[in-house]
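What follows is one structure encoded as structure tokens, with my remarks underneath.
Read from first to last, the chains carry the letters A, B and C; within each, the first residue is number 1.
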Amino acid sequence: MDTIVVALLNGLIYGLLLFMISSGLTLIFGMMGILNFAHASFYMLGAYLAFAATRIFGFWGGIVFGTLGVALIGLLCERTLLRHVRRHGHVQELLLTFGLSFAFEELVKVFFGPYAVSYPVPESLRFAAFSIGAVQYPFFRVLIGATAIAMFAAIFCLLRFTRIGLVVRAAVLNPDMVRALGYNVSAIFSGMFAVGAGLAGLAGAMGGAYYTTNPNMATELGVIVFVVVVVGGLGSLSGALIASLVIGVLVNAVVYVDTTFGDLLAKVGIVSAETARTLLNVPIANTAGVLPFLLMLLVLMIRPQGIAGDERV
Amino acid sequence: MNANTLKLEGVAKTFGVVRVLEAIDLDIRQGERHALIGPNGAGKSTLFNLISGAFAPTSGLIALNGTSIGGLVPHALNRAGLGRSFQITHVFDRLTVRENILLAVMGRFGKRWSLMRIGPVWAQIAEETDRLIAGANLAAQAGKRAADLAYSEQRAVEICMTVGTGASVILLDEPTAGMSREETRHIIEFIRRMTEGRTLVMVEHDMDVVFTLADRVSVLVNGRILVTGTPAEIRSDPRVREAYLGDGEH
Amino acid sequence: MSRIVLVLLGLVAAAALVALPAFGGLATLNLANKIMIAAVFALGFNLLWGQAGLPSFGHAAYYGVGTFATIYMMDAIDRGGAFPTPLLPLVGAGAGFLFGLVAGWFATVRSGVYFAMITVAIAELVSALAQKWEGLFGGEAGIRSIRTNWGPLDFQSTGSVYYLTLVWTLIVLLALYGLQRSPFGLVVRGIRERELRIRFLGYDAHRVKTVVFALSAAVSGLAGGLLAISDESASMVLFGGAGSAFVVLNTVIGGAGVFLGPVIGAALTTSFAYFGSSLSHFWPFYLGVVFVVTVLFAPEGIGGAILARWRRVRDGAGPLIGLGDLAGLAGAVLAMAGLVLLIELTGTICSEAYRAEIASLKGVWPPVRIFAISFAPLTPWPWLVGLVALIGGSRLALGAGRPILPRLFAGRPGPRADQTRPGESA
């Protein structure tokens, strides 16, 4: 029972971390029609910048540096590179961000080498927030979840209750009209791109410390984030939230299932016990990495537009 | 022979809570040229999109030659005998004019998966393609990329494609939108010639076009058909005048 | 006239390819094999990307499936199976086709960026499966098999593998060229241009796209089969993101809009990787930079630039190479040299080996050797030279407000400008 609660909590917090990244991706897509392949690279850059700055500014300083640094990198990418290919259409933008994600990964290797770096949660933050039965639940994990929730609340309030938010929402729906009303839409877009990048950077600065910081982290997480936005429906914040949480919980819960595929199929009588021990000796817990993709295929079959996607496919 | 090629019975469409169309009944006769007009926001585009399969109707029946076509996917609609043009030109930009029209004709002759151009049917396809190109006065442009044509020529290519699929019912969405007087006169003549013997349904803003080309006109106001009749009847109908004058148009 | 030149060029190229084993060393043959395999893979990818306009970022899945299927068949032959060795690539193609049919059905439910994301996810699904399922994919070590001779044909030497690969490469080239020019190829290009129109002309676009996807996967699988024959092994590394990335790089750098573009790209990047990897750890970064620069300034790729240049010369609109072009090229080379200097310096002083050296020298920073030249990393000079070369070279290449590089590559206007139309992403 306790382990189930822990697994659910872990899943929830991993889901919230996913949401920190997928929300930026989906916001940028909704506004500019750009699918940013390099978005997960911002997550990676956040972790590495924070890691590098920790030595100088301390842990919290590193997190602030990582967030702001990545926001700045995002701003530069938008203003100097993406803007340049916009006239060639969305596919060219896609290729550009793809090239950037490739280049960022290699650039990180130039500075920090091809292996994981040691970017740990500082000793002072390693204490239990509470305990569930015999399990001490780490405070930092709770902090990641709380940060994600606070961030979501901030964005929601910004978009819903402020004048800037109103202009941004209008710019998403009809950029030409907003431009005609005298607002600087291009500046709004750049700003939102920087905010989205900064969010991914923050997620990386915190997630990198808790999980691992290595050059593959962008690719590994990027794929899951793509699954999240396909399942949730690209352009929809609420869809991204639901999909993030579902996938986070799913991936973390299945780890605790203690049987193999072979056993399962052998019990039903589809395969022999011999095959079960050799060819199909794959623990179901191992499917954690595969489940999000199966979920995506399922969603594509029954609801191609995603959970909260537009009806017009 | 069923006199009503295209038949709409009690067709309604709601988006969320907004009722855009309510209980549309419309009979379109074989071989006639039928225009849908009405003030802005009357639901013309929605009706057009329902007939052409972009959305499924919320309720009601749309039948083509006696079989229901409500909610069919585009390619199935086309094979059922319905062709459409688009308000914003939908030609294949980087293909030549000839290739554009060839694609329409090939499909009609069932050559959708062909790897070779061998056999007598390809001679027929080539002949039909040439006939359409000549009909549109595009022979000199046949080797040019569609993107390099003038706007009115692109519209002509588009109409050639719609006709080239062999559809018996042709839907035209504002065929003269964005054209000069001269071009409009030319394209009306062209449409009349190309759709000879077929049923034509069009949405059009330009009243001159409607009254020169259409055999019958349906006026759509607030999601309902106000009246259907010949151009002369429509012109003299007081309700139509009121609908348009009340709306401040024409 | 131009046709005769082309035929002559083709004959010379064919003669050179046939004669290569006679005077090329083992290393040359291996490189040629790698290039041809990469070219077949890129051609398969470009059927989907250049012809159907569908950007797949997960094509390694079909390549890898082809490799594994072929290895299993080689094993079966080794144990007495009757399958002819020269036809082995067809096993890879078949496996790629079947898998592509299923994956393609899912991926082509959506188009545009959704399609791109789904292909990535499917590739990752296969990669994750391969990592977990040791029984089938052999885990870290992978699986091995051996080439078996068939009748009088001996397949033990690198030369024989070279000829087998060459024959299959030519077959794929001819088949794809035929497909592109066929009526079906026209339908595929119609989908790239305007899918909605194709559907209203009575074509079942989803079905066409699924078949094109499967064909593309089949050619990729065939390339994987050629790899299996050449390497006699397969491992789950094949399914990693790098494979999917390189085929995109090859195709875009070479030019997706030109039939032989992917071949050009494959030849260049494979050679670059082959020689570059022995010179520097950071060669993938340079490749990434070249890719980004291509996307920014030469969207039609090198093949597109060659074609545009050839047309210009044929029409008498300009010389083959002008003075401005030379200046632009010189600028590009200078900028690249500056970038290489800066990156190598940074990479070296950030490396653990260098840190260890500093420690062993008690805090003295040893000189950094790049291409046999020593640089003192603590003086500003090497950094300054690198920066000046990078900035000056870029300015020369791009021209101050008057870009030379884009003009160098300018052929047609923006190739996919038409894809900005609304609803493209839907």
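Assume a residue touches a chain if its C-beta (ideal position, glycine included) is under 8 Å from a C-beta of that chain, and two chains touch if they have at least 3 such contacts.
In UniProt terms, the chains line up like this: A = ABC transporter permease; B = Branched-chain amino acid ABC transporter substrate-binding protein; C = Branched-chain amino acid ABC transporter permease.
Just so you know, these numbers come straight off a predicted model, no measurement behind them.
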Two chains sharing the most C-beta contacts: A-C
Most central chain, judged by mean C-alpha position against the global CA mean: C
Farthest chain relative to subunit C (centres taken as mean CA coordinates): B
Separation of subunit A from subunit C, taking each centre as the mean of its C-alpha atoms, in whole Å: 29
Distance from subunit C to subunit B - Cα centre to Cα centre, in angstrom: 45
Centre-of-Cα separation between subunit B and subunit A, whole angstrom: 46
Of all residues in subunit C, the ones touching two or more other chains: 418
Residue numbers of subunit B (touch at least two other chains): none
Two or more partner chains touched - positions in subunit A: none
Residues of subunit B touching subunit C in the complex: 52, 73-75, 77-79, 83-84, 86, 88, 90-95, 99, 102-104, 106-108, 111-117, 147, 161, 165
Sites on subunit C touched by subunit A in the complex: 53, 55, 57, 106, 109-110, 112-114, 116-118, 120-122, 124-125, 128-129, 131-133, 135-136, 241, 245, 248-249, 252, 281-282, 284-285, 288-289, 291-292, 295-296, 299, 343, 346-347, 350-352, 414-420, 424-426
For the subunit C and subunit B complex, residues of the former touching the latter: 178-179, 182-184, 186-187, 189-190, 193-194, 196-205, 208, 418, 421
List of subunit A residues in touch with subunit C within their complex: 29, 33, 35, 37, 81, 84-85, 87-92, 94-96, 98-100, 102-103, 106-107, 109-113, 219, 222-223, 226-227, 229-230, 234, 278-282, 286-287, 289-290, 292-294, 296-297, 300-301, 304, 310, 312-313
